[in-house]
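The structures considered in this document are given below.
Presented sequentially are two complexes of subunit A, the first with subunit B as partner and the second with subunit C.
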Partner chain A sequence: MAKCKKIISEIKKLDVIVLLLIIWEVFSRWIYPGIEPQAKIFLPPPSFILKEYWQLLSSNILFHHIAASFKRVLFGFFLASLFGVIFGFIIGLSRRAHEQLRIICNIFRPIPPIAWIPISLLWFGITEKQQYFIIFIGVLFPVLFNTSEGVYGVSAHYKYAAQALGVKGLSLVKRVVLPAALPRIMLGLRSGFGYAWFIIVAAEFVSAPNGLGYLILEGRNALVTERIFVGMITIGIINLIFYYFLTKLENWIAPWKKIAFIR
Partner chain B sequence: MNYNQNSNHNFDKRITAEKFKSFLLPRLKKLSKYTSIFIFVLLWQIFAGYVYPRFNPMAGNIFPSPIKVACMGVDLLKRGELLVSIWDSVWRVLAGFSLSVIIGIFLGVLMGLHQAVRDRIKIIIVLLRPVPPFAWIPLGLIWLGIGSAEIIMVITISGVFPMALHTLYGIEKIDLKLRQAAVSLGARRWVLLRKVIIPGMLPELFSGSRLALGFCWVVLVGAEMVGSVSGLGYLILDSRNRGLPQMAVLGMVLIGLAGFGMDHILMMVKRRLVPWSIDSGKM
Partner chain C sequence: MIEFKNVSKIYQNAKDDRRILALEDISFLANSGEIIVLIGPSGCGKTTILNLIAGFIQSTEGKVLFNSRPITGPGAERTMIFQEYVLFPWYSVRNNIEFGLVPKKIPRQQRRQISSELLRLVGLEQFADFYPYQLSGGMKQRVALARALAVNPEVLLMDEPFGSLDAQARGFLQQSLLEIWGVKKPTIVFVTHSIDEALILGHKILVLSRQPAKELDWITINKPFPRDVVRDSFFQDVRVRIDNVLKDEFQDISNRDRL
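== the complex of A and B ==
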């Protein structure tokens, strides 16, 4: 019963969104075309967007684009997180390496991954490799930075206590440093994953034969504005789902630091 | 008299030497921190200028050396293109960023004032935030056409969400006890706002605006690459059309430096305004 009430109160929060959607529908279907003859291009009503969504979904085109983007994001993310976590550990564990390499990281970090697109096109051409590279660069720095900061910031008291009890070398890293740094590492991975979905759109704008970013740009070039909305909604939903599962995963792996899905 | 003067002179000398030492040593120490950068640039120059061309005769077209990049920078500076591009990018970011700060704080305060309003706006933000800001670019192009207005719109959208959420966190974070203490000591509305609520919110506001500024820079580059004919993002994309890879690298370096500089300025303002909060992830 209490759960039922909670769900009802959650649904009640959606009233403004429903109202906005109705206003949007009425406005862009009946009012706006009277003012502006090109209204359908500027702001298509939600029902048209739904129709386009259904068309793309039933003809499997949308699925094809999702799969293409997915492959790029996952592969780039996997490579970058592997690299980032390993190097982050190395940088974080040694004070001198931390001092020196952090500066190089800080030079590269403010350069947006998007800015790498033209030069990476020179290196790799219009290939899948180039897309992986852009995702890699984008994910690498959040993961590397958070891992090295997390490892570096592990309280010395923990380490001393463990050392006094005779823990040495690799088992010190495994038993003390890793658990203490884990929340920060997971934060890096989570933000890196969200970031990868942001970047893939821009990377696919410039050079890709398929993918959700391509779908969006195609919508603009063909002036089918519904298609832009379809792409945006799809990425939003995917991102939201993944964010949810990553927070679940994080709470499962590192239960000593609970985080909320929506803070 | 003479002796006195002499000793005075010696004393002065010693002081200047000490001054010089105290001036030089910390700076040298500071410089030694940057050895990795020097080594990095040196290796880059050796690799791009001398090693790589032996393997690949097209190396100059693929992997420009730092000297070439610097020459390109001087060349563009002479022609006046460089300053125009930097200025275009910077003012767009500043305009979009300040708009997003204003709108974000407004939304955040609105959310902080009333529970029902908070639930409604928060759901909209939670649903819209996972949509990549870049995905708004084509929509902006259709609505506003190619130009600064479209770019500023996209930048503003990218910055509003972190700003609004962090304003809300800031309001939620204010200690109720501090507020009650101030009220019981006779603080009225305006004094309460100025002495308790705003100082309590400021650290979160700054962390939100730092996030927003970072987003704004990233999105700016994308927006300028897709729909613009000026600015640093366009410079990078144009390098491809002109066949000048050193221009792309130059643009990347400049964007990195400008982003770094803006972040630095923001942190300086923060240290001035909120000296009591520790900045995490210090650059």
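== the complex of A and C ==
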């Protein structure tokens, strides 16, 4: 009984969302078809979407597409982070290298990674490699730039304090520069991962035999609009879950990062 | 022993090629175990003197000697305490204190022992596992003091270390510093703009002019610690003397501004 009450009170907190869903349901089930005969193709009611969701889930089709997208995102992200963090770190240690990287990044960062699709198709053809490459490019620049910026921007005060305590060279890099730059590096990784999800959908639209982007496109081609929604919502949910765990991880690695740094 | 021989320092602005003269022909001698206080208007170049001793920067002209040898770079024998503490936020209080012991290859157990001793000395035993952001300003500065003492420095460079603290914390830390000095007898070069602080701590007080810093006065005080700088007439005289020198300095500025 008490548990029941608790559930009800939890639902009550979401009252606005529930209300919006009800309005949507009523609108696309009974009102919209009166105006537009093809209404259910343009805007299916939430209950239809839920049904499609269940069907794709229970037949493992959705899982198959999620796995395909996930593999691309993770692989591209992993390569780009590895590359970006290592090189960004080394570049950030040198003022000259950092300033030149900044010029390169200022040119390349505003180019949407999607603009790399044509050239990547030319280089790699319709292959998994091409998909990895697009993700790689999209993740690389934010990670590289933020890492280098973070390392370069470490307060001279920290370095002075360490040197006056007899800590220098590699030890100073490991015990002062790395932890001081860590919050900025994390920021780069975080935005890199966000970009990876943006990009994968577009990349899969163009040239992929599976994945969430493909699922959305398939829904459109077959005029199963529910499927489009399933693909879109899934991307949103996965991102949400990922950011939840990323924040946990960040707080675990760098519990001090909420604290203002000396600049 | 620290020796300044006709030291000048010019900063070159990288962007517009402007040259700023920060120190002009400074000479002084600080014997081992002495507390030297540098006092003067803010922004006059007191920090530059500390940075030269620490080895963070090099002089443009003249010589800065430590134990008769020129200073070429930073080292743990000349450690610095900053006004804004500069604790490492990613380390606990204990690990901050042990920071400089690691490169000395002191075994972990001995490091623990040293840091525990210092924690007791600065009255922070219960805060060993806290992080800097959980401490007040006064506590942070005590950690910074313990961290500097851990490496057993010959010279402690203190850049307005108690400047941002309230009067109570300031007084407490001044007394702690004198107690610590009584045990280890390091040479201390202490920058302040409080005349009282200079009187409480200094064996020698170097009064500096407005930028570029020149020597205005050099006062030696042969009085034991702790000192009663409020009631003792000797200190009142010295206070007036410093006050007059500095007042003249400001008078000069206001005249210059009027012209």
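Definition applied: the second predicted complex is superposed on the first by the 244 of 263 C-alpha atoms of A that agree within 3 Å, B and C clash if a C-alpha of one lies under 4 Å from a C-alpha of the other, contacts with A are read in each partner's own complex, and residues count from 1 in each chain.
By our rule, a contact is a pair of C-beta atoms (placed from the backbone, for glycine too) under 8 Å apart; a residue touches a chain by one contact, two chains touch by 3 or more.
Bear in mind the structure is a predicted one, so any value in this text is a computation, not a measurement.
Touched residues of subunit A were counted for both subunit B and subunit C, and B has more of them. Of the two partner chains, neither subunit B nor subunit C is touched by A:I86.
Of the two partner chains placed by superposition, A:L249 touches none, neither subunit B nor subunit C. When the two structures are aligned on the shared chain, A:G219 is found in touch with subunit B, with no touch to subunit C. Contacts of A:W123 after superposition on the shared chain: subunit B is touched, whereas subunit C is not. Judged by the touch definition given at the top, the superposed model places A:F205 against subunit B, while subunit C stays out of reach.
Applying the stated contact rule after C-alpha superposition, one finds that A:I228 touches subunit B and leaves subunit C untouched. Legend: residue contacts after superposition of the two complexes on their common chain; A:I31 is shown touching neither subunit B nor subunit C. When the shared chain is aligned, no partner comes close enough to touch A:I22: not subunit B, not subunit C. Contacts of A:Y160 after superposition on the shared chain: subunit C is touched, whereas subunit B is not. Looking at subunit A, you'll find residues 262 touch subunit B in one structure and subunit C in the other. Touching subunit A in their complex are the following residues of subunit C: 54-56, 73-76, 78-80, 82, 84, 86, 88-90, 99-100, 102-104, 131-133, 147-148, 151, 157. Within the complex formed with subunit A, the subunit B residues making contact are 33-37, 40, 61-63, 119-120, 122-124, 126-128, 130-139, 141-143, 165, 169, 217-218, 221-222, 225-226, 233, 236-237, 239-240, 245, 248-249, 251-253, 255-257, 259-260, 263, 281, 283. Against subunit B, the residues of subunit A that register as touching in their complex are 13-17, 41-42, 99-101, 103-104, 106-108, 110-119, 121-123, 145, 149, 194, 197-202, 205-206, 213, 216-217, 219-220, 223, 225, 228, 231-233, 235-237, 239-240, 243, 262-263. Of all residues in subunit A, only 157-158, 160-168, 171, 175-176, 179-180, 182, 254-256, 258-259, 261-262 touch subunit C in the complex they form.
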